[in-house]
Every structure is written in C-alpha cells, then in structure tokens.
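The following pair of complexes shares a single chain, subunit A, combined with subunit B in the former and subunit C in the latter.
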Partner chain A sequence: MATKFYSEKNLKFVLNEVHRIGELFKHERFAEYSAESTQLILDTAKGIANGMMFPVFAEMDKKPPEYTGTTIRVHPAVRPFVEKMADGGWINAVMPYDLGGQQMPLTLFNACMFIFAAANYSMSVYPGLTTGALSLIYLFATKELQDIYAPSMVAGKWQGTMALTEPEAGSSLSDVRTTAFPTDKGYYLIKGQKTFISAGEHDAAENIVHLMLARIKGAPAGVKGISLFIVPRHRPGADGKLEFNDVNCTGCYHKMGYRGSPITQLAMGESDDCRGFLLGEANRGLSYMFHMMNEARINVGLGAAAIASAAYYASLEYSRERLQGRIITEKDPAKPQIPIIEHADVRRMLLKQRAIVEGSLSLVVYAGKLVDLISVAEGEEKTRLEMVLEILTPIVKTYPSEMGIVSTSQAIQCLGGYGYSDEFPVEQYMRDARIHPIHEGTTGIQGMDLLGRKVTMKNGAAVKALLGEMNATIAAAKTREGLAPYADELEKSLALWQAVMGAAVQYALKGQIDKFLADASIFLELTGILVIAWQWLLQGIAAQDAAKESSAYGADFLQGKLLTMEYFFKYELPAVYGLEKILGASGAMTVAVKPVHFED
Partner chain B sequence: MLSIIVCIKQVPDTNRASFDPRTGAINRASAENIANPDDLHAVELALKLRDACGGRVTAISMGPPRAADTLAEAYALGVDDCVLVSDPAFAGSDSLVTGKILARAIGKLGRFDVVVTGFEAIDGNTAHVSYQLSEFLGLPHITQIHDLMIEDGHAVIERLYGHEYQKIRVELPVLLAATRNTNRVRAPRLADLKSCTGKDFTVMTMADVGGSADEYGTAGSPTVVIGTEVFAHSRGREEIRGTTDEKVEGLMQRLKKHNILRY
Partner chain C sequence: MATKFYSEKNLKFVLNEVHRIGELFKHERFAEYSAESTQLILDTAKGIANGMMFPVFAEMDKKPPEYTGTTIRVHPAVRPFVEKMADGGWINAVMPYDLGGQQMPLTLFNACMFIFAAANYSMSVYPGLTTGALSLIYLFATKELQDIYAPSMVAGKWQGTMALTEPEAGSSLSDVRTTAFPTDKGYYLIKGQKTFISAGEHDAAENIVHLMLARIKGAPAGVKGISLFIVPRHRPGADGKLEFNDVNCTGCYHKMGYRGSPITQLAMGESDDCRGFLLGEANRGLSYMFHMMNEARINVGLGAAAIASAAYYASLEYSRERLQGRIITEKDPAKPQIPIIEHADVRRMLLKQRAIVEGSLSLVVYAGKLVDLISVAEGEEKTRLEMVLEILTPIVKTYPSEMGIVSTSQAIQCLGGYGYSDEFPVEQYMRDARIHPIHEGTTGIQGMDLLGRKVTMKNGAAVKALLGEMNATIAAAKTREGLAPYADELEKSLALWQAVMGAAVQYALKGQIDKFLADASIFLELTGILVIAWQWLLQGIAAQDAAKESSAYGADFLQGKLLTMEYFFKYELPAVYGLEKILGASGAMTVAVKPVHFED
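Right, the complex of A and B next:
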C-alpha cells in the first residue's frame, strides 16, 4: 500500500535551488529564520503529517461528517490535530510578531501546507480556514473584537470560516441577500442563508466564528453594498459564558470527494436573535474579503498540487512493484514478467504526473515568495512584484486544479482496474481533486479575472511585469548548453501568447465585452501551460547548477528533473498551438448560441 | 526541583538507508541523520517529569560535531541545557565504552535525580547502553514504563509488559529507559524551532571527561564485529482449507507456532 505522498528531496530542491528561500532570510522581517530552522520546521511538518494525518486519510473518506440535526459530527482525529496545530503555533504562524505570530515566510509556510495537504487534504483545511478568518479579524476588526475572538481562534478552540456563498449567490457575489439590520446596541441583526460553508459547523470546535458577507438594510445594490461581519455561532455573553447566537446548521452536503471536511448550510436569524459585528467600514466587505483572496486562491492551487503529488507517488510505487507483460521485443512467454514501469507508455503517464505536480509546486512556492517579497519591498519594486502576483494568481489557482484532475486520472490509469477500486487510494485522490476548479472562484471566474481584469490592469502593467520575469529566465537559459532550445521554444510561445492577447483585446476596444470574455477559460488554459513551461525552465537551470557541485540531490534525481523538463516541452507545451488555433478560429461563436439551441 | 539528564543520540535513518550488499554495512551517505526515535520518547518523558515536578532538563549527546543538530532538536522540544560529548578519541567506541564515557560526562555535570535514555538505537539495535550506563552510575534501571510519579524522593512507576502490570517504588536517583510505547512525542513549537539552532551548548572533550585515549574508541572497546549480513525477507502465501472451525484452528496453530499468539 502507498506510503509516500510527497518528495522531501523535491520540496527542498524547489525551496532552496529553484526559488532560493535563503534570500528571504537576509531581510529583517525574516531574519530569525535560517536554513537550519527551515529544515527543522519541514521535519516537524513531516512528523505531524505522518503521525496524525496520513494514517486517517482513507478512514476520514469512508466515515464522512454526519449531520445530527443540530451539529455535525466529524472524525475524532480532527480535534487532536487542530489542538496540535494550535499548540505548535501553526494557526497564526505567518502573522507578525506584534500580533503573537511567528512572522514565518509564506514560502516556507506553504511548503509545510503542501506536506499537510498531500497527507490528508480534508484534515488540513480546518486550521487553514481559521488562519484566513483570523487574518481578516486582525486587519479590519476593532481591538475590542480582536480581543474577544482572536485568542480562542489562535488556540484552536474556535473554528474560523468564510461565509460568502448563498443559494442564489455563488460566483455572483453581487447578489448576496443575507441582510444586516442596524440596531443601536453596537451590533446588527443578521437574517439569511449561507451554503457550501466549509467547516461551518462541527463538534471538534467549541465555537464557530463566521466571517460573513451581508448587505446592510438599505445599502446600494451590487458589490458596493456588501459589508463584512463577524457572526459567531455562540456569542460571548455579559458573564463571559457562550450563548447561542441563532446560527443554525440546516444541513451537510454529501460530496464526491474531500469528504473529511463538512460543507454546510446555515440559517441565520430564524429567531430574530443573530448578532453580527461589523468589520471595518460599511459597504466595503467584498474589497476586504479580497485582501485574503489571493492567498486563498494560492492555497487552492497548493492543495490540488499536493493531492496530485500523493496520487503520483501511489502510482509510482505500484508501477515499480506490479509485474505485467514483457518488454515489447521479448516474444518468449517463459521469461518472467517485468514491472510495469519498464513499459514506455507507463513511464509517459508517470512523467506527465511528475511534470504537472512538480511544475505546479514550483509555481505555488514562487507565488508564496512573491507575497513575502512584497511584504519587504518598497516603491516601484513593490508595485512590480504586486503586478506579477496579480496576474499569476488565477493561474496559480487554476493550472494545478484543472491539471490535478488529469494527473490523478493518470495515476488511476497506471493502476488499471485496481486504480478504479477503493482497494487503492488513487480513486480517492481523483475525487478529492475535483473540488479545486470549483471552490474559491471557478475556472470560468478565474479566466475572466485573468483576461478581463489582470491583462488590462494599469494599461498592461501586469503583463509587462510577468513578461519581464519570464524573459529574464529565457535569457539566462539561452546561454546554457542543453537549455537554449527550450528557451527558444518558450520565447516563441510567448510571442504567440502576446498575439492571442492582442486579438482578444480588439474585442474589448470595440466594446464587445461578451466576445472578449467568451473564451477567457481557454486563454487561461493557454497561459497556464506557458507559465508552467517557464517554471520548468527555472528548474532546468537549477538542476544544471546543482549537478555542477557535489550535490546531495544525486545524479539520478537531477537527470530526472531535466528529463521531466524535456517531457513538458515536448508533450505539454505544444498544446498552446492548438489552443491558439481554437481561439483564432472560434470567433467567440458561443456568444451567438442561444439556450433554445440546446433543445433536444 | 529535579535535575534530569536525558541521553540522545544522532543516528542514520536506517529505515531509509541503503546497505552494502557485500559487507552488510550501512551506506551512511544514503541516509539522513536523525534523532534516535526511542531517545525522543526519553526527551518527552524528561520534559513531562520537569513540567509536573519542576526542575531542569539537560540533554547530553555523544558523537561527532554534527550531532549538535540533534541537540538543537532537543532544544526545540524544550530541554533547558545541552551538552555535546565529542572527541576524536571516542570514535569507534562500542556500547560498553559509550556507557563509560556517558557515565563519566554525567558525573561531571553535578547532582542529578533522574537519567533518562532511549531503550535502543536504530543503528545498532544492541539495547546495551542504558544497562551499561546504569551499572557505571550505580543506578537502578527501569524499563517498560507506562506511568511515572515522583513522591518523597522516590519514583513511583507503573510498568506494563506482556500481560503483566507492576507498580514499583524506587529511591532516586534512578535511570529510566523509554520506548515508543512510553508516551507520544510532542511536536515542537514553531517559535522554538526558529530559535533553537542559535542556542549555545557545552562541549566536553576527553580532557573534560577524564581518562586516556587507550580507554576509549576502538582501542578501548572489547567488542569485535566478526561479520554482518543482510537478511532478505520474503512473504509466502498459505491457504487453510476446511470448515470454518478447522480454518480458525489452523490459523491459531500457525500464530502460536510463530509466537504471535502465546496464550
């Protein structure tokens, strides 16, 4: 049975050789971190993942959360895990020292989250959700509210959530209907429903603290009338004891995957006694929520890459052990069968997975480093880095999510019929992966974000900033023997990308916004492939450099890196030509198709 | 206030190491160095004792300079002081001489109430050192610890082994040997992980420990390794036929034969 879910060696390679995490430690903000402490922290994350998470990965899927009528019973391993995370300081690890955090670089924190998510994605989200809610409380809540809510959330006793979606307002948050009625008592009375709220109610926490979007009675329609509230399930009373805050859990969805974490329906104010506490200014809720949306979307890409990593190692282990057939030129049936990894097509499927997993991981780590660098940069450099992060965020979210499904499917394919059964974990990985193109903004939303907002942002400043980064890598690779052809190929593909972008923008200039955005998802797909090719070129450079020294990585690992880069450029990157052709030929024809045309 | 000494050793991670098929020796370059697993349970036992009774925990490790990494890990877990016992003359010491060196080093640290060790190390699996150390220090040696309390200068220990339970009372000082069954090792806190690598530790050489080079290392060690072999384990498949009762009986017989079921 599969025992490995990520590669320690690859994670170190990506952190140290590709993205050089050590550069961050030179900044005062991260000066207390070092190569040694980084290693100890990664080892500790591995210990928690191996000891508390991976052993219950399958069991949490087979015994999913159970709605009791009032609460949701989750797996008994959840509470000790959250307590361990709280005790270790993981819930507020990336927060500044003056807020009691550890000011940990997000680059390192995300590397640890990758380990946790690969071990057991469902379990990893419980503390992660609290971290997200906590960061909003620290950013926008009054000191009084911070003192009431933050300590118990940091201690892991209270679960944090993000309560955005409603039955009629998912991707379209401007249609949020939950209403906040002002009172003269320092709080609002909340009334409405929320749905698909992760960890919105469960028995592994003493209380649930929802960071909830609602519309103050009389506020303007659309996104400019949405405010952000703290809405606890239980509110602290005058005597300090918790009292019910009229937040009822009305159900728990039965999902195809990601089954260890409850996704809930909530009803607020059924007895007209649900109190909400405004964060920051009224009507600015959505912009506040988007303060953490970049990081939330990076987390989704991270989770998808991590699940695909676990599936890859499960299929790799199987492919090395499973004996089946003989080499294609061997006609003697008396000869022993060979491990299936000896077959070229199986190796192709393994290379595809490795290319997706390690390309995605590199991008996720790079995105974390951008956040860290932005936190210490100033002036034009800060703006430039922000532009790179802005344009990459929909790609960081989407490429691992969409390709994670492809990758886990390839893992199943390696195992054949066994992969399709629940005797092996790969079918669960594919089910767990499927949520990622949906939550925190669907692929369709990400496509429109990329083409409609990020490409046109500040007269193309984000595009220029990204091209600057990619061209620097291309220039470096062109001077290297063995890498120059790949640099040329990426350069050619980038020119194609710019041409496609230019053609799409023509629709926008003519005011044809519907046609401009009709194929935004395909544009996103094309951009994602280019960006991952860039990440592979960076890894190729790092592998060549590491091979020059007496490296702890070993020659086989580094050669494997270069071969996987070659695979990506030969098998994956050429897809951009097909996508370019589709975008050129489609003429955004879907705009003209009417619902009636789907009749029978 | 208790003075607690805990012994911790850096070992190659033999679960991941490769072995030279000819000599049977560990290929040390193939494995990362880690803290010996039983020793982490010893640290946990020491920390729990300190937290319950007050006092200080001093971690001591004998090994080359790189063993300082393991002491940093002990700091991260929460020990108060660390000592590295390191000298080229100690290289190649067998378990008996290791026990002697550790006993002499501990003797130089002043008064102590409890010494805690792991039961065995994963690189040699001799499980000798805790016994030998207790002999050199003249301490009672307690294993199979399930629970522990300190009362009036005595350790009250619950022991569990096989199907037996025992409660004993031992006068301090005492040596306790921990295994993975003794407790669950805490995960260090991020704040401690961040700061532990910069903390100072005491280094003791042969000059501090006393004695001469001919007492230590290969020269002073009576143990001679005659040969090492790697065993290849293979799994077999066996079918038990018959009625359900006959199958159960057949299974029971096989489990007893292999000493998996003993009663």
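Right, the complex of A and C next:
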C-alpha cells in the first residue's frame, strides 16, 4: 500500500528555490514569517495529513455521507479533524492579525493545503470552505454580523459554504431565482432552492453558515439583480441559543468520487421562516462573490494537482516494487524479472505524471504568491500583478484539473489490472479528480473567461503583463547552457500563441462573438501547456542554481528535475502544434452545426 | 434518464454503405445471408439489448458480484440472459455449419455484439467469453474433448474462460508458472494460480471451462514451454455426472467499473486433484492462444466503442433537454434559457464523442470484415488481407480504448455536476471504459506489438498492405468535391507517419532496440489517429453516395455525418503534428532516465 502522497523535498524546492517565498518575508505584512517558521508550519501540516487524513482516505470513499432525512451523517473522522484544524488556527490563518488571523502568506498556506488535499481531498474541503465563507464575511458583513458568525466559524464549530448553484442556474448564475423578501426587521425572508452545495449540511458541525446568492424581490433580471446573504441553518436567537432557520437539507448526491464530502440540495423558506442577512449593498452579490472566485479557482487547481501527486507516488512505489518482464534485449526467460520502472514506457508514464504534478504545483504556488504580492504592492506594480493573476486564474484552475484526469489515469495504467481494482487506492484518485473540470466553473466557462474576458481586458494589458513575465524567464534561460534550447522552444510556441490569439480577436473585431469564442476551450488548452512549459523553465533555472549552490536537494533530485523539464518540453509541449492547427483551420465550424445534425 | 445507447441508423450505414457487408454474401460461405436476414438479426439483437440488458445496466453496477467463499454470486439477471443467448444460437453463431454454428459473418456478429455491449458491457461478456473458449476447443481439441465440452457451452450452461494471467505473469506471459504434471491416464495434474480471470467463477453457470495456459513439468523456460489445457471446474465423471476438479475460486476483485462481471482469482490443485486436458501439441499453447488474440483484441475495441456510444447518447439527450444560458450575443436576461446543445462548446463536445464513437465503430466493423474476407480468400490476396488485419489489430484495440476514456469523460462534462453524480448513468460509462486500455494487452504492449512486430514483419509487408488500402481511399476521395481537401490532409499526415516510422526503424537497424521501442506508445497513438481519419474519409465517401442514391438515411443524418468527418479532420487529426514532433525530437530520452532520478 502506498505510503507517500507528496514530496516534501519538491514542495520545499518550489517554495524556496523556484518561487522564493523568502522574498515575501521582507514585506512588513509578512515580517513575522521566516524560513524556519515556514518549515515548522509545513511540518505541522504534514503531521496532520499523516495522522488524521491519509489513514481514512480510502475508508471515507467506501463509507460516503448518508442522508438521514434531515441531516447528513458524515464519517466520524471529520469532526475531530475540523477541531484540530481550528485549534491550530488553520481556518483563519490567512486573515489579518487585526481580525484574529495569522496573516499567513497564501503561498505558504496553499502549500499546506496541497499537503492536506494530497492526503485526503474530500476531508480537506471542510475547513477550506469555512475559510472562503469567512473571507466574504470579513470583507462585506457589518461588524455586528461578523461578531455573530466569525468566532464559531474560526472555532470550527460552524461550517461555512458558498451557496450559488440552483437546479436551473449552474453555469448560468444570472438565472439565480432564490428570492429574498425584504422585511422591516433587519433581515430578508429567503425562499428558494440550492443544489450541489458542498458541505451544505452535515453532522460534524453544530451549524451551517451559507454565503448565499439570492435575488431581492423586484430586483433587475440577470447578474445585476443578485445579492449576497448570510443564511444560517440555525440562527442565534435573542437568548443566544440557536433556533432553526428553515433551511432544510433535501438530499445529497451520490458521486463518482470525492465521496467523503457531502454535496447537498437545500430548500429555504418552506415554512416562510428563513432569514437572510444582506452583505454589503443590494444587487452587488455576484461581484462580491467573484472577490473569492480567483482564490476558489486556485484551490480547485491545487486540489487537482494534489490528487495527481498522490496517484503519482502510489504508482511510483508500485513501479519500483512490481516485477514483470525483462529488459527488451534480454532473451533468456530464465533470468529473473525486473521492476517495471526499468521499462522505458513505464518511466514515460511516470515522467508524464511528474511533469503534470510538479508543473501544476509550481503554477499553483506562483498564483498564491501573486495574491500575496498584490496584497503588499501599490500603484502600477499592483495593477500589473493583478493582470497576471487575472489571466492566469482560468489556467491555474483548468490545466491541473483536466490533466489531473490524464495523470491519475496514467497512474492506474502503471498498475494494470491492480490499478483498476480497489486493492490499491489509485482508481479512487481518478474518480476524485474527475470533479475538478466541473466545479467552480467548468472548463468551457474558463475558456470563455480566458479568451472573452482576460485576453481582451484593458486592451490586452493582461496578455502583455503575462508575456512580460514569461519573456523574462526566457531571457534568463537563454544565457544558460542546457536551458537555451528550451527557452527557444518556449519562445517559438509563444509566437504561435500570439498568432492564434490575434486571429481569434479578428472575429471579435468583426463582431462575430460566437465564432470568437467557439474554440475558447482549445485556446485555453494551448495556453495552459505554454504556461506550464514556462513553469518548467523556471524550475530548470532553479535546479541549475541549486546544483551550483549546495547539495541540500541531492544530485539525483536535481537531475530528475531537469530530466522532467526535458520530458515536458519534448513530450508535452509539442501538443501546441496540433492545437495551433485546430485554431488556425477550424473556421469555428461548431457554430454552423445545428442540433438537427445530431438526429439519427 | 437516457433511453438510447446506439444508433440503429448509423450501424446500418456503417455495415451497408461504408463497409458493404453485402459483398460478403456473394461468397459461398456466407451465401445464406442477405440484407433481409441481416436486418432481422440486428433487430433481434436490439430486442435482447432493450429487453434484458439495458434495464439492469445501472443495477448490475450497484450490486456487483459477491464472493461467498466458494463461488461468486452474480446478478440474477445474468442466467436468463445467457440462456436467451444460447437459445438464440448466439454463442456459436460464428462457428461453421458442420460444427452446429450459423456461419455468421463476424462483421454482422460484431455489429450485434456492439449493440449488446452498448446496452450493458458487463453482461455482454459472459456469452462472449464462452464463444472465445469454444473457438479454441474447436480449433485444437480432439473430437472426444469437443464432444464433452462444446454442447454444454453452446447451450450456455457451461461458462468458458481464457485463463492466462497469474500473479507474477501479467504482461509477461512467458513467466506463466502454473504447472501441468503428466500422468499416464490421458490427463495432466494442474497446480498453480491464476488471477484476473473474467467470469472465472459464478453461480449463473453450472460449470466453468477454463482454457488455461500452463507449463508441462520440465518444459523449456519462456514462451516455448507453455501449453494450452482445458481445465474444467467440474469434470464429467465416468457416469456423466460432474465431479469437482479441484479448481477453487479464492476471491474476486472489487473494481472501478465493469462491475457486473466477476474478475476472479483461482487456485488449481490445492488437493492435487485438478485435471487438465492438453489441447494440440505440447509447448505450443501461446501460439494457439494467439489464434484468438486478434479477435479478442477487436472485441476490446468494440466494447470500448460501444460504451462510448452509450455515453454519447446519454449526453446528447441531456444536451437537448437541459436549459442553461442564452446564445452568446443575447444580452437580455429575461429571455428564456436555451438547451445547452445550442452552445458551440457543447456541440464541440458532442461532435468529439460522435467522431470517436463512429470512427471507432467503422474501424471495428472493418476489422470484422477483414476476418470474414480472410476466411474466404486464397493465396496472395489472403496474405495481403492478413497483413492489413495484423497491423490494424493493435489500433482496433487501442484507439477506441484510450479515446473511450476521453469520450466518456466528455459525456460527463456535458452533464456537469449531474454527470458526476449517479442520478444519470454517464459516470458509470467512464468507469466501465477505463478497463479497456488494460485488458487483453495494455496500451504499452500494443505499441510494442505495432512497432516492434507488425511494422517490421515480412519486410514491411503489413505497412505496405495498409498503405495500399488507405491510398485507394485517398485516391477515390480526391476526385470528389468537398472531400478532396480531407484526402490531401490525410495524404500529408501519412507522409509524416512514414517519415517517423523510417526514423524509428533506423534505431532498429543500428541494433538499438530499446530506443526503437521507447516511444512505441506515441507511435501507436499517432497511427491510431491516422487510421480513424481514413475511416472517416470512407464514411464521407459513403455519405456522399448515399445522398445521391436515396434518402433512406435522411439529409440531416448524412449532413451530420459529413460535419462529423469535417470535425475529425479539423479537431482530431491535427494532433498528429504534435505527436510527430515528439517522435522526431524525443531522442528516446526515457531510455536514459534512471530509477534513481525519481528519488526525492
């Protein structure tokens, strides 16, 4: 059975050598952090992951949440885990000191989340969801509401959720129908249904606090009429005691994977007694929610990369131990069999996984660092960093998510028939990974966000900012022996990217918005590969530097890092040539196909 | 809930227009078949699929086989289904008349198997496995053994299996250890273990007849010492009654998908009383088994294409019904939502699935036709057809299997969160599909078969034969308006293919076999796309002809067919440009990577 789900060494390498987390500590905001405290925090996360999370990873899949008719019974390991997370200050770790948080850099916090998610993704989301909800409360709720809700959430007693989706409003959030009827008592009466709400109800929390989108009665149609509310399952009464707030859990989905976490259906106001408390201004709810969206989407990419990491190590361990076959030139069948890692094709499958996992992790950490840098930057530099984060977010969300499926599937393939059975946990990783291209905005939605919004925003300022970052890396790599050819490859690919982007924008300039966006998913796929190639070039530079400076990482690790970079450039990057052909020649043909053409 | 799992119209189109099954009926062997009887047989298959198979598809997944300690309890619907298949003559339908079969063309039989597998893949394998075992018995067993085993197998009372894999001999069949000890009583005593044996034990059959590979005591090591035996779970005693043959079922795997069919572990000879009956000559077992391998591998491709077909229709139905969002230029949120099939990106996902499903089906049907043509051909023509079948077999096995995962995953994506939950059956399709790149030889094994054996066999005769077929299609398409550009594209891609093949062979000529085969999986992937592009060109020609001749298929279907061909050439074929780059530039780098480079 697999025992390793992530690489401590690689995580340190990415944090310290590739993305130089130490640079953050120079800023006053993060001045209390250091290399030593970073290490301590990572070690603490590792301890929790090893002690409380990984041991119940498979069991939580086999014993998924059960709907009792009123609540959802979750695995008994969830409650002590959430308590532990609360005790350790994890739920509000990234909040500022003045709100009781630890002002932890997101770069470091996300590194810890990566450890948790690799150990047991389903379990990791419980406190994570509360953190997200808490952020919105601190940003937009009155002090009075903050005082009511935040302390119990920070203490892990109350579960936070993001309640956006409805049966008729999934990707189309503008169609939210849940209604908030104004009263003169300082609250609204909420009526409606929500679905696919993660941790929307369960028995490991004393209360559930929904950050819910709803439409105030009479508000404009569409996104301009959506408001954000706190809607608790139980509301604190005048005496401080909790009273039921008419939020009923009406069911829970049975899912392909990610089964340790309940995804619920909710009905509000069946007895006309569901109170909601407006956050900020009316009708601005969607923009408030989108404050959290970049970070929520980074989290999805992080979760996908983490699951793929765990699958990779399971398949690596198996490949080292499983004896099968002989080297290809060995003709003597009496010779002993060899570990399958000795077969080049198995190594290719391992390199593929490692390239996806470590490339994705590097990008996820970088995205966290951007958030941190934005929090301390000012003026043009702040804008520039925001632009880089905006354009990268759909990629941080999508590349690990889509490639996480491929990567976990390769892990299964390394184990053959054993991989397909549940004696080893790898098949669970593939099932767990499959959610990521769906939640927090599907891949199709991310494609439209990238091409339709981010590429065109501020006259291409985001494209320019990203190219600036990438070209700086290319320039640095060009001067280095062993890296220059890869820098050239990336530069060539970037030229292709700019050409296809330019061609797509022509549609937009002609007002053909349907054709402009028809191949947005393909454009996103192409962009994702380029961005990860860039992250690999950054890792190559860092590996060369680390090899010069010291041997803390060991020559084998650094050599393996450079070989995985080489693998990415030789085996993964070339896909851009196919994708570029598609974008160049498709003529956006899918626009012209009609539903009737699918008749048969 | 989905109601359609395959297209009758498309199946007829592929059989009649693309691969002209009628040509077979001119041969004496198939003279009793006609267009009318073909239609009747397809209708019968449809009736069984709709009546007995599809209704229990999801239920067989939710209630998988259970190991009782001695046998395996399977779903109660299995036994009546197998009886029905036996009564209808399906188990020996492809056997010659003189063996009691119906001499059915494999082309037609496989079309029916496609219907069965699309309805319920797990269920379809029970009689299919018996058919395979029966073929070996007819080919290699004595008349006496045939008389003992065949009638009960044909009657569906006895289950046939292929018992190859052992705990230490999966991909490396040469390491089979199960031992056959000679006796002077006309049988061998078998001792050993088998694993991953499909339907290796279950309570819907009165007996299990294993076609088992074992090594006669003292036989040479490796493939040259493997023999083929009949090893029944119960052997007919002198009085005709069945007595236990010391074949114990020791367990059954819990699998990711394909859960309706038990995959078993077996122990033979625990009481030294397991009798095996040699088939044909000693030490020739592996070559006998490989007589069935082409057809077994075609069956895997067929099963994968069928599962992808069912997922496609489930997602198509959902996409027509699910309302979400508005056309991209509609800014009025008060307008009603539209079916998601109106979104270009959803149509792209549907076209992708259809292109994979119908391209794969066309190839599978063609492979069946090759088998049929070989059975009636002579001399050079027979050899030529055999060469085409040999080189295509790894592709028929692999393209649908690998792309079946992608296709079923796209089906899930069309349904979003609903696709990830089990309210709709699509997530099951992805789990069911995942087995196919593993069983009957992994993708890695198929790649080595293609590049290491098939490409080089008889001085490239198989390559030449395949190119002959493909070039004939290209030549025909070049003269047609609307198809010529696609013919040109395929021709260009074929030139790339020949170039990378030539470069790979250079390694072989230099004796660098490890480098020659290092990227065999990539070469297989590239070849698979080309072959399917060719099948799409064939379908394009057939669609144009059908449009001219009559409107039996309807203009929408034929137009949809041509659009799907266009989709394949514009969105799927371009991947060859990336794959060609990999093969050209990789330098077979995976050969040089060492296990130590994965240390961290």
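Just so it is clear, the second predicted complex is superposed on the first by the 600 of 600 C-alpha atoms of A that agree within 3 Å, B and C clash if a C-alpha of one lies under 4 Å from a C-alpha of the other, contacts with A are read in each partner's own complex, and residues count from 1 in each chain.
The criterion applied here is as follows: contacts are C-beta pairs under 8 Å (C-beta built on N, C-alpha and C of every residue); 3 or more make two chains touch, one makes a residue touch a chain.
This structure is a prediction, so every number in the text was calculated from the model and none was measured.
J.: Of the partners subunit B and subunit C, which touch A:405 in the superposed model: first, second, both, neither?
T.: Second partner only, subunit C.
J.: Applying the touch criterion given at the start, work out whether A:256 contacts subunit B, subunit C, both or neither, answering first, second, both or neither.
T.: In the superposition, A:256 contacts subunit C only.
J.: Which partner chains sit in contact with A:236 here, subunit B, subunit C, both or neither? Use first/second/both/neither.
T.: It touches nothing on subunit B or subunit C.
J.: If we overlay the two complexes on their shared chain A, which of subunit B and subunit C does A:460 touch? Say first, second, both or neither.
T.: In the superposed model, A:460 contacts neither subunit B nor subunit C.
J.: Can you tell me whether subunit B or subunit C touches more residues on subunit A?
T.: Looking at subunit B versus subunit C, the one contacting more residues of subunit A is C.
J.: Where does A:280 make contact in the superposed view: on subunit B (first), on subunit C (second), on both, or on neither?
T.: The answer is neither, since A:280 touches no partner chain.
J.: Does the superposition put A:87 against subunit B (first), subunit C (second), both, or neither?
T.: first
J.: Going by the contact definition given at the top, which residues of subunit A touch subunit B in one complex and subunit C in the other?
T.: None.
J.: Taking the complex as given, what residues does subunit C use to touch subunit A?
T.: Per the touch definition, subunit C meets subunit A at residues 7, 9-10, 165, 168, 170-172, 174-175, 195-196, 221-223, 253-258, 263, 316, 320, 323-329, 332-334, 337, 339, 341-351, 354, 405, 409, 412-413, 416-417, 419-423, 427, 430-431, 434-435, 437-439, 442-444, 447-448, 513-514, 517-522, 554, 556-557, 559-560, 563, 566-567, 570-571, 574-579, 581-582, 585-591, 593, 595-600.
J.: Which subunit B residues qualify as touching subunit A in the complex?
T.: Listed in rising order, the residues are 69, 72-73, 76, 186-191, 193-198.
J.: Hey, which residues of subunit A end up touching subunit B in the complex?
T.: Subunit A reaches subunit B through residues 32-34, 36-37, 40-41, 44, 47-48, 84, 87-90, 93, 102, 104.
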